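Taking it in order: structure first as structure tokens, then the write-up.
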Amino acid sequence: MSELLLPPEHRYAKIIKEQLNEDGNELSILNLGPTHPATHGIFQNILLMDGERILDAEPTIGYIHRAFEKIAENRPFYQITPLTDRMNYCSSPINNMGWWMTLEKLLGIEVPKRAQYLRVIVMELARITDHLICNSILGVDTGAYTGFLYVFQFREKVYEIYEEICGARLTTNMGRIGGFERDWSPEAFRKLDIFLEEFPVAWKEFENLFERNRIFIDRTVNVGAISAEKAMAYGFTGPNLRAAGIDYDVRVAQPYSSYEDFDFKVPVGKSGDTYDRFCVRNAEVWESLSIIRQALDKMPEGNEYHAEVPDYYLPPKEDVYNNMESLIYHFKIVMGEVPVPVAEIYHPVEGGNGEIGFYLVTDGSRTPYRLHFRRPCFIYYQAYPEMIKGALLSDAIVILSSLNVIAGELDA
Amino acid sequence: MALENTAIQEKLVSTFGDDVFNFQQERDIFSLEINANNNTAIILFLKNDPELRFHFLTDLCGIHYPENPADRQFAVIYHMHNWYENKRIRIKAFLNGENPEIKTLSTIFLTSNWMERETYDFFGINFIGHPQLKRILNMDEMISFPMRKEFPMEDGGRTDKDDRFFGRTVDNC
Amino acid sequence: MSDSKVNMVAPPEGVVGEGFFATKLNDVVGLARANSLWPLPFATSCCGIEFMATMASHYDLARFGSERVSFSPRQADMLLVMGTISKKMAPILRQVYEQMSEPRWVIAVGACASSGGIFDTYSVLQGIDKVIPVDVYVPGCPPRPEQIVDGVMKLQELVKTESVRRRSSPEYQELLASYNIK
């Protein structure tokens, strides 16, 4: 059977012809993906198997390559947020904010404190939803569907908050250069308060369900472990690196959007295995909740939600119709006649999966000359074949979901 | 205590002489240009020197400059990061347009393997010594290098976008 | 008097008498098919996350007879294509469609599956109807779960009224032939 799947010149095809395992049985080839239901996205791995054990793997990616970087070169700066949304769609607000901050760094715009705090709140909400998906799906893959059904209703609550802020649920396209497009409604804050009250109870229950669960521990401890050195060599960042024991977090190393004002811990694991990744993400959810509470407490008075930068910030629609000056600004922004400095900018933010970097090269025109996204998923997924070597097939699935590889971010 | 730009510059210049040049602070990142032929030695030095310790390759990407002179049409940009001192550095290596090639970093940083494949896929930059230099995101059969400026974003072969429906005819455009 | 909230599907038109109910075979088959559509989620990107929300507790697609998400194409009735299909992916989508047994229906969920969406690029297939026939298109980028549910309900309407002979009709064969599907 295996010969049918692979061209005869493939190296695995040769191996299974020539090699036998220790017991003298034949090796086999298994094609996992690209539409395997358990892989949550489209990843293809050709596995060389000895019974249930994986000897070697060869990943193929690019099944949803959408050419973000090429599109970005053909779009004005403010039209690139929709692309960032669709990169890591589990935590799109972080990507949106990262992109606006890149532009603000380029243009030298200072965002008011209140807008920065609002951004922190929405970014931490995004981090919560991202980790929530990853951990609950990890539960599904180890056989616990309940956790997923239970906590997913809170994801809906977060979506409702997003809807109050920007009108969209998943691909938020939130914010503008210098802040937000509108102030948050009182309803948004009310829903946030309810979320902060109800979610910790459910999350605690979710944690209790898993963290001391015999089956879950058996399935995850010492599965897919990666050492700190290896993780660094493979360019891991974010929760997956922290699970291996290195406390690198962009929010601390290079604070943006006033993260330095908040007091939070960077949880780290020890062995870098699946269980540690799960626990690090769980702990990060608690830290995120604490950051949101601090931001709400420290929120400056007033209703400032964007910087006063008429050159880049679209004026309100009624002013455009009734006010000459606003009309001119509107026209200039939309037609791309606002001068942009020629520069090279790299701006990192701590995304749900690690350091999302925006490397922007401008040439003074209305579109980027080159925009490169540092996509954490793309970078650490290359360690996957090594992590699953020697593991069982069912472990490979668990490792993949604990790495939280998002296909949209992987393939760009 | 902190790693100063001047210290990095002095160290590099004293070791590599003319192969490193054009040092400047670009906004918040110190950047320099290197001679592409010597990239592995310089990056290995940056990684292993006990004072510099740029041990983490954050990012690697290519850029196409069709307007530049023939020997500077492509660039490979490395972003490295020193976590001990929290210092970032940007390294640019310019390549010629005819036959862009540069040595691979995949023996120095495991992570550069796919990043180089992606750069090859997008720009056709040949990474000498790369263990598996083939397309990663696009189909193997593809012949163009889509991120080069001369290639259009849209698929030329598509049929559903009829110019007549957008008010564009041969006569008026 | 019952306070149960269970909604029963109304029986098709027919003649009721004591101990018998006579109606058309078409209607009975349509009724049965429409209320037990087993979905095959072909989720590639963002819309897949919204489909997860659709399946989860809040929206619960199971209310429409789609409790069992069939990941095997052989046992699925309704292919839900969610997310961008790149040119690299297109042959695989087609293969999955070919593996499904008749009768099979396809919903293109989201702008990308319907038309390529915002990704008008060299690598993206401009709508899945270039490779397989589609029954229902759901707009949105991504569509809300309500829209996905609405798409499924629209498909149920189609299924209910479909003739049992449609799949062997020459028109249908012609449609498949135009996609080069055997």
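We call the chains A, B and C, going by the order they appear; numbering starts again at 1 in every chain.
Note that in this section a residue touches a chain if its C-beta (ideal position, glycine included) is under 8 Å from a C-beta of that chain, and two chains touch if they have at least 3 such contacts.
As the structure is a computational prediction, the values presented were derived from the model and not from experiment.
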Based on the touch definition given at the start, go ahead and assign the chain network to line, ring, star, complete or other.
complete
Check: interface with higher C-beta contact count, A-C vs B-C, is A-C
Using mean Cα positions, find the chain sitting nearest the overall protein centre.
A
Counting only Cα atoms for the centres, state how far subunit A is from subunit B in Å.
24
The distance between the C-alpha centres of subunit A and subunit C, rounded to whole Å, is 30
Dist(centroid_CA(subunit B), centroid_CA(subunit C)) in Å evaluates to 45
Flagged in subunit C as touching 2+ other chains are 88, 120-124
For subunit B, give me the residues that contact two or more of the other chains.
137-139, 146, 153
Multi-partner residues of subunit A (at least 2 other chains)
62, 65, 67, 70-71, 411
Subunit A residues touching subunit B in their complex are 61-62, 65, 67, 69-71, 73-74, 105, 230, 232-235, 246, 248, 253-254, 343-346, 348, 355, 357, 359, 361, 369-370, 372, 374, 378-379, 381-383, 411-412
Using the touch definition from the top, list the residues of subunit C that touch subunit A in their complex.
41-46, 48-50, 52-53, 56-58, 71, 83-86, 88-89, 92, 96, 118-124, 141-142, 144
Subunit A residues touching subunit C - in the complex, by the definition given at the top
34-35, 37, 40-42, 62-67, 70-71, 82-83, 85-86, 89-90, 133, 148-150, 152-153, 155-156, 159, 169-171, 407-408, 411
With touch defined as at the start, can you tell me which subunit C residues reach subunit B in the complex?
87-88, 120-124, 126-127
Quick one: in the complex, what on subunit B touches subunit C?
137-139, 144, 146, 151-155, 158, 160
